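Here is the structure we will look at, set down as C-alpha cells.
Naming follows writing order (A, B, C and D), and every chain is counted from residue 1.
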Amino acid sequence: MSNIVLQVEDLHTSFFTRAGEVKAVDGVSFFVREGETFGIVGESGCGKSVTGLSILRLLPEPSGQVTKGKIILEGKNLLELSKKTMRAYRGKMISMILQDPMTSLNPVYTIGDQISESVRLHQDLPENMVEGEVISALRLLRIPDPEVRTREYPFQLSGGMRQRVVGAIAMSCRPRLLIADEPTTALDATIQAQYLALFEDIQVKTNVAIIFITHDFGVISRICDRVGVMYAGKILETAPTRDIFKAPKHPYTAALISSVPQLDKKDEKLFSIEGQPPSLLHLPPGCRFQPRCTVAMDICKEQEPPEVKLDENHSVSCWRVK
Amino acid sequence: MVIEKGKKKKIYTGLKRSTRIIRNLTLIIPAAILILMIIVALFADLGWIGLPDIGLAPQDPNATHPRDKLLPPSFMEGGKSDYFLGTDRLGRDLFSRVIYGARVSLSVSLIVIFITALIGTILGILSGYKGGRADAFIMRVTDVALSFPGLLLAMLLWVAIGPGYWTVVLALSVLGWAGYARMIRGESLRIRESDFVAQAQVVGATTWRVMFKHIFPNIVNSLIVIMTLQIGMMILAEAALSFLGLGITAPTASWGSIVADGRTELDRAWWISAFPGICIGLVVMAGNFLGDWIRDKLDPRLRQL
Amino acid sequence: MTRFIIVRILQAIVALIGITILVFFLVRVSGDPMALIASPNLSEEQYQKIKESLGLDKSWGEQFWIYIKEMTRGNLGESLIREKPVTTMIGESLPNTLKMTVPSFVLSMLLAFFLGIMAATYRDSFWDNGVKFLAVLGQALPGFWVAIMAVLIFSVYLEWLPVAGMSTPAHYVLPVLTMVFFMLPGMMRLVRSSMLDVLDSEYIKLARIKGLPERVVIWKHALRNALITPLTIIGMLLPTLVVGAVISEQIFNWPGMGSMILRATFERDFPVVQAITVLVAIMVLGVNLLVDILYAYIDPQIRYQRS
Amino acid sequence: MKRWFLVPLFLLLAAVMVVTSCGGDETTPATTTPTTTQPTTTEPTTTEPTTTEPTPTVTTPEPIVPTGTLTAVTADFGFASTDPIFFESLWGWSWSDSLLRWDENNNFIPGVAYDWNFDEATCTWTFYITEGIKFHNGEDLTAEDVKFSVDRFGADPPWISLNPWSQYISYAYNKADSIVVDDYTYQFVAEYPEACQQVVFAWTRILPKDYFDEVGQDGFRAFPIGSGPWKFKELIPNTSITLEANADYWRPDEIPYYQYYVELMVPEQATRINMLRTGECDIALGVDYDRIPELRSQGYATVNAGVAGTSSISFQGTWFPSAGATGNINVRKAMSYALDRQEIADTWYDGFAKPGGQWYMVEGCFGWTDELTPDPYDPGLATQLLEAAGYPDAFDDPVIHIYTTAAGQDYHLLLISYWEAIGLQVQLEIVDSTISTAYIFHNFAGRIEETDPNVGWIFSWTYNSYFNSTYHCANLYTSRGIHGSGNDPVADAMYNDVTHTADIEEADRLFAEFQLYVKTLYINIGIVEFDILTVYNPATVGDWTGRNWVSYQDALNGIKHPGQ
C-alpha cells in the first residue's frame, strides 16, 4: 500500500449568505493515496466542487468558510498554513483542473505565457530552462507541436486541446495532488475517452494522487480506484470502484448506478430518482436522503445514520446497513 | 459566487420575512411614485375631457402675481397659504407649475421612449436576425449613434427647426434608438439559434413573420426593462436641454425648465429649483429601481444594462 | 490586423460622409437655409448677396460638392454673426476646452478604473458601497444642479475656490470636478461590473489555483480582460463629455467650444453649428477607430482572426 | 444585485438636496427692504468748466499716476465691435474722444473742439481743434482726422451698415460740405440750419486717419487706437477686454486712476454676483433690480447713472391691414391702461423705477415736459376700450404677438399677464438675437413691408437714455425711421420743424410738442423710467467722479481707488 497523500477529516464548509448559513460540505472525510484516483460523485449542488475548493482554500471570500475539520497533505494541515505558504502549495503541491475548457484559460495571454507563469513561480529555474519545462508539460499531456502551441492563444485551440492545456498548467510543476473537477463534462464523447486515457497515462508517469469530481458514474468506472458518493454535503458511501458497482450498499448509490445507461442491458428502463435534493439551508431531519429514499424507515426521519465501516476500504452511512 | 448555478437559486428559497418585505418595497415604492406622477400629470386639469376648471393644480401655472414674488413655501415662515410650494420670480405658483411640469416632462420622456423603442426594436431584430451585411451596416450606424453627442444634434435641430416641444422630442429620439438596437440585436442573435426559430424557418415562415411572431415575444422582457430604465435618463436629458435653454419654450413649465428658471435664484429662493429637482430625482430613482426590479424578476441576465 | 484597421478607416470615412450628408441636407430639407440665416427684412440686393456668398444660389448637389471640397481643404465656412472663419473661432476656443476636458477625462478614467477595480476586488466592502453610492448619486442628480451647488458651497460660502474664469490652477478645480461628476459614475459602474464578471470567471480561479499572488491575479489576469468592455464603450463617453463640457463651460464661464457652440446656436449661426457638428462627428469616428484598434490590441482574438 | 439599501439612501439624498439649498437661505436675509436706502450715488460734478478762452494748449498740472486693476463683469459683449462708429461699441467711447461733449445739464461742451460756432448765413459749423492732442501712437490729432471721422460717421451703407445711428443720419445727414481749413480748424457746411446736429458732433469719435488708412478697416478693428483716456490693449472674443490707462491723456485731470481696466464676459448673473462676493471682480454689471437691496445690505454699493433708462413697447406696421388687433388704436390704448406701471416699478424694478418711460424720454432730458405723463392703471377703461374696438370678434386673428430674445422672457411674461387679465390674447415669441435685430432694425435696409412677418407685432425696448434723443425718435416715430413703427405725416412734419431750427431752445420746445403729439398715436407705450445702477464693492473701488451721465464707459476714468 502506498502512502496517503491527502487525508480529509470531518470537513465542514459553509456559505454565510443573507438567507442564512448554507452547509455546503457537512462532515466529509476521505483520503487519497499516491498514484491513486479517488472519485467524488454526486448530483450537481451536492458540494463536490466546494470540497475541492476547500482543499485549495479558494472558497469565495468572505461568504465561504471552512468551519471545522482537517485537511492533511503529506502530514501538514493545510487549514493551519499561512496564506503565503498556502499560496506556495497551490500549483506546486496541489493543482486543479476546472470544468469548462472554454473559459478556464485567460483569453488574452498565450498558452506558453500561462504555463510558464506557474513554472517560474514554483520552480527555481534559470530563465532559459523555463521554455523547456513548458514544452515538457505540454508533451506530458500529449499536445502535438508543443513549440508552436506555446505561442498560440486559447481561442486558436479546440475544446479538447484547451482542456489538455489546462491539464498541462496543472501538471507543469508535477504536483502531488491533482483535483479534477468534471474535466470531461464539456467535452465530446470521443475526446472524453482520450482525455481519460491521458489521466491514466499521467498518473503512471508522475504517480500523482488524483481527486476526480464528477456526476457521471460511467466516468468513475473508467478511471477511479475508489469512489465516494456525495449527497447534500455529505459522503454517504465510500468504496473501491469495483465493489460499489458490484454491490452498492446505500440506496442512493444504488439508485445512481441504476440510472447509468449500460450498453449490455438495452431493454431495461432507466431508473431515475424521484424529487429534488434538499435545500442546504434547511436540511431534513434525520438522514438527508430520507425524503427521496424508497426504503426509508422511521428512524431515518429522526436520527442521522452513523458511518459504518464494512471493511478497510468500504464505509457507508445508512440505517439499513448494519 | 463559486457555487454552481443550480444551487444558487436554492439558497434564496427560504428568504427571511424582512428581506421579502424590502424586496417588495423596491417594487411598491417606485411603482407608486411613477403612478402618482402620471396621475398628477393627467389630472393637472381636466381640459382634455372638457373640464378645464377642474384639476389638481390650484392655479394657472402661468399666472403672475408680481407682488407675491419669491415667496417661500406656505409651511415656512413668510409663506402664503395660496402658494403651497412658494412662488418664483414672477410670483407664479410653484406648486401648480410643478404639477403642470409633470405633464410635459413625463409626456416627453414617454413619447421619446416609445419612438426610440419602436425604431430600436425593429432595427435590432432586423440586424440580429438577418445578420450579414444588414447587420454590419446597422451596427456601424448604431456605434456612431451611440457615441454621437445628442446635445449637438439638439442644437442643430434647434437651429434648423426652431425651439419647441417636438424639437425636444425629436432631438432625444434621433439617437436614442441606438441603445435599444444594440441590446435587441444581441437578444435576437441568441434567439435566432433556438430550435423554434429553426422550426419556423423549416416550415417556410417569412422573415417578417419569424421576426415578429417568434423573435419579438422573446425579447419583450428585455425591452420592458430598458424602457423602464430609460424613464429616468430621458427626464434628465430633458432637464439638461432646458438648463441650456434648448428645451421647451416659455412659459410652458417642465421640471427641467423650472429647475433652470430657479438656478439664478438658488441663493435666495432655493425652493424653485429644489422641488422640481426632487421630482426629477424621485422619478429617476423610481424608474431605475422599477427597472432593476423588473429585470431581476424577468431576466437576471441583463445585470449589466 | 492591418487589413482590419484599413477596413475600419474606410468604414469611418463612409460614416463621415453619411453624417455630413445628413447634417447638410437636414437644414435644407427643413426649409430654405436662407430663411434661417437671413432676416425676412433684407433688401432683395442684400439677400442675393448673402445667398451668393454662401453659395446657396447653386444646386444642392453643387453646393454639397463645394462644401466637401472646402472641408477637405480645412475650410469649414464662416460665421455669419462674427464674420470670421469657423476654423479661427475653433482655434481660439478649442485649447481652452481641452485644458478642461483632458485633465477631467484622464482623472475620470484613472478614478473610474481604480475605484471600479477596488470595488469589485473588495466586494461589499467600504470601497464597494462608496462606489455604489457614487454611481447612484451620479445617476439621479442632474449634473448642472450639482455644479451650481458646488459653486455656492465652495466658492461663495466657504470661499475656497474661485467662481469663474481660468487664470489660476484653482480655477480648474470646480470645472474639472463637475466634468468628473458627469463622467465618473457610469464608467466606474461599468468597470466594476466588468471586473466582477472577470473575477467570477474560471480563468481567474485557475490563476489562483496556480498559486499566483493576488496582485498578479488582479492586475495581470483580471485587469486586461476587465478593460475590454469599458474600452469598447469609451466612445460612448463622448456624448457625456460634450454635455459636461457645454454645461461646465456655461456655469464656470469658460471660454471654450461649449460656450461657443451654445452662443452660435442661439444666434442661429448656422455655419458654425454645422461645422462643429461635422467636426465632432470626425472626433467621434476617430475615437471609435482608436478604440477598435486598442480593442484589437487587448483582445488577441480580434488581432488574429481578422488578419 | 440588491438595491434595497438605496431607499433610505435616496431619502437621505433628498434631505441633503433640501438642506444644501437651505444653506443659501440662511446667509441671505429674505428680501428685506433696506432701511438705509441711501444710494451711494456720487453726484456727478463737472470736472471741466466750459472754457472759451482762445487757443488753449494742453497743459499738465500734476497728472494722476494710474495704478492697479479694475475688474468688471458683464453679461454680454453684445456686438463686441471695437469700432467706435458702432452704436453698440460703447467700449470705443473709452479710447476715443468726440468732437463735442455734453454736460449733465444737457449743454454741449467742448470735446476735441475747444470752441465752435454756427454761421447761419452760410449754414456753416466751424470747429476749433485743441492743439497738442496725441493719438495713442503718438501722432497729432488734426482737422484732417476730424474731417475723416465726421465723413465716415455719416457715410452711406453698406460699409457701416450696422450702425443704426448713422443709418438714420445718412438718410437725413444734413451735410453739404466738409472742409479742412487749417490743421486745427474744421468746417462742416450744412444744408439747413439744425441746432440738434450738435448731437451728431457729440457722437462722432475722432479716429486717426493715417493709422486707419495704413492698417485698413479690419486692421483698425483688430487694434483700434484713439486719443482717449484709455488705450485698447486686448480683446478676447466672448471672454475679456483689457484697457490700459493713457497716462499721457491730454486732459490731465481725466487720466484714469486705475492702470488697467478688465471687463469679463460672464453670462450668468448668479456667477457675476458670486464673483463680486468672492472679490474676483470689483464691479458687476447687469444685476437685477430685485437683488440690489440684498447686495446693499451685504455692504456692496451702487452708483446711479446721471441719466435714467426707459422701458417701453412699440408697435410695428400698425397701418397695414394685416396688422390685426394692434392696427386698432383702441386696442393699443387698452394695452397701455392695462399695465399697472407702479406695480412693475415696485416689483420688477424693486422700487428703482417710476411710471413713465416714453421712448427715450426721461425727466429733464431734451424736449422733456411735465405734461408727458404716463397713462394711469385703469383696467376698467381698458376693458371698455377693448369693447369699443370690438375685440376679439372684430378680428380674424385676435392674437397679439410680442417678441423678445430669451433674455427678456420673464419681463415679457409679466407684461403679458396684465394684458391677459383684460382679455387680450397675447403670444410671446422668443426669437434669437439675429431675428430680433432684423425685426427691430429692418436690417438697416429701410422700411417695413406689408408682407413682413412682424407687421402688427410688438417689440419692447429697455435701454439707457440719452440727454438728447431726437435721432432715436426719428427712427421710431417718423416714416423714415428704421423701427417700422412710424407712419404719421403730422409727426413727420413736426419732426421736420424740430430739426430745421438753428435755435437749440426753440428746438427743445418744438421737440416737447412733438413728444406730446406722438404719445397720442399709441405706437409707443412708455412703461417705466428706471435708475441705471451699477453694483460695486466699496472695499476695492472708491468714488465715481467720471462722466457717468453719459455712459458707464465714459465714467471709467473717474473711478478712484478706495479712500482716494
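To be clear about the criterion, a contact is a pair of C-beta atoms (placed from the backbone, for glycine too) under 8 Å apart; a residue touches a chain by one contact, two chains touch by 3 or more.
This one's a predicted model, so the numbers in the text were calculated from it and none came from an experiment.
**Student:** Per the definition at the top, count C-beta pairs in contact and tell me whether A-C or B-C has more.
**Tutor:** B-C
**Student:** Of all the chains, which has the CA centre nearest the overall CA centre?
**Tutor:** It is chain C that sits nearest the middle.
**Student:** Where centres are the averaged C-alpha coordinates, which chain has the largest centre distance to subunit A?
**Tutor:** Chain centre farthest from subunit A's centre: D.
**Student:** Averaged over CA atoms, how far is the centre of subunit A from the centre of subunit C? Could you give it in whole Å?
**Tutor:** That gives a centre separation of 51 Å.
**Student:** Rounded to a whole Å, what is the gap between the Cα centroids of subunit B and subunit C?
**Tutor:** 23
**Student:** So the centre of each chain is just the mean of its C-alpha atoms; given that, what is the distance between subunit C and subunit D in Å?
**Tutor:** Each chain's C-alpha centroid was found; their separation is 41 Å.
**Student:** If I count partner chains per residue in subunit C, which residues reach a count of at least 2?
**Tutor:** 136, 140-141, 148-149, 152, 156, 205, 250, 266, 268
**Student:** What are the residues of subunit B that contact at least two other chains?
**Tutor:** In subunit B, 1-2, 245, 263, 266-267, 273, 277, 281, 285, 303 touch at least two other chains.
**Student:** Quick check: what residues of subunit D touch more than one other chain, meaning two or more?
**Tutor:** 6, 10, 13, 17, 21, 24, 268, 270, 406
**Student:** Any idea which subunit D residues touch subunit B in the complex?
**Tutor:** 1, 3-4, 6-7, 10, 13-14, 17-18, 21-22, 24-25, 28, 30-31, 268-270, 273, 290-291, 294, 343-344, 346-348, 406, 409-410, 413-414, 417, 428, 430
**Student:** Touching subunit A in the complex: which residues of subunit C?
**Tutor:** 201-203, 205-213, 216, 221, 224-225, 298-301, 304
**Student:** For a test of understanding, state which residues of subunit C touch subunit D in their complex under the given definition.
**Tutor:** That would be residues 38-43, 46, 80-82, 89, 92, 133, 136-137, 140-141, 148-149, 151-153, 155-157, 159, 162-165, 250-253, 255, 259-260, 263, 266-268 of subunit C.
**Student:** Over in the complex, which subunit C residues touch subunit B? Could you list them?
**Tutor:** Answer in residue numbers: 11, 15, 18-19, 23, 26-27, 30-31, 36, 136, 139-145, 148-149, 152, 156, 190, 193-194, 197, 200, 205, 233, 235-239, 241-243, 246-247, 250, 261-262, 265-266, 268, 270, 273-274, 276-277, 280-281, 284-285, 287-288.
**Student:** Which part of subunit D faces subunit C closely enough to touch in the complex?
**Tutor:** Residues 6, 9-10, 13, 17, 20-21, 23-24, 27, 158, 236-239, 264-268, 270-271, 274-275, 277-278, 280, 406, 432-435, 437-439, 442-443, 445-446, 448-449, 452-454.
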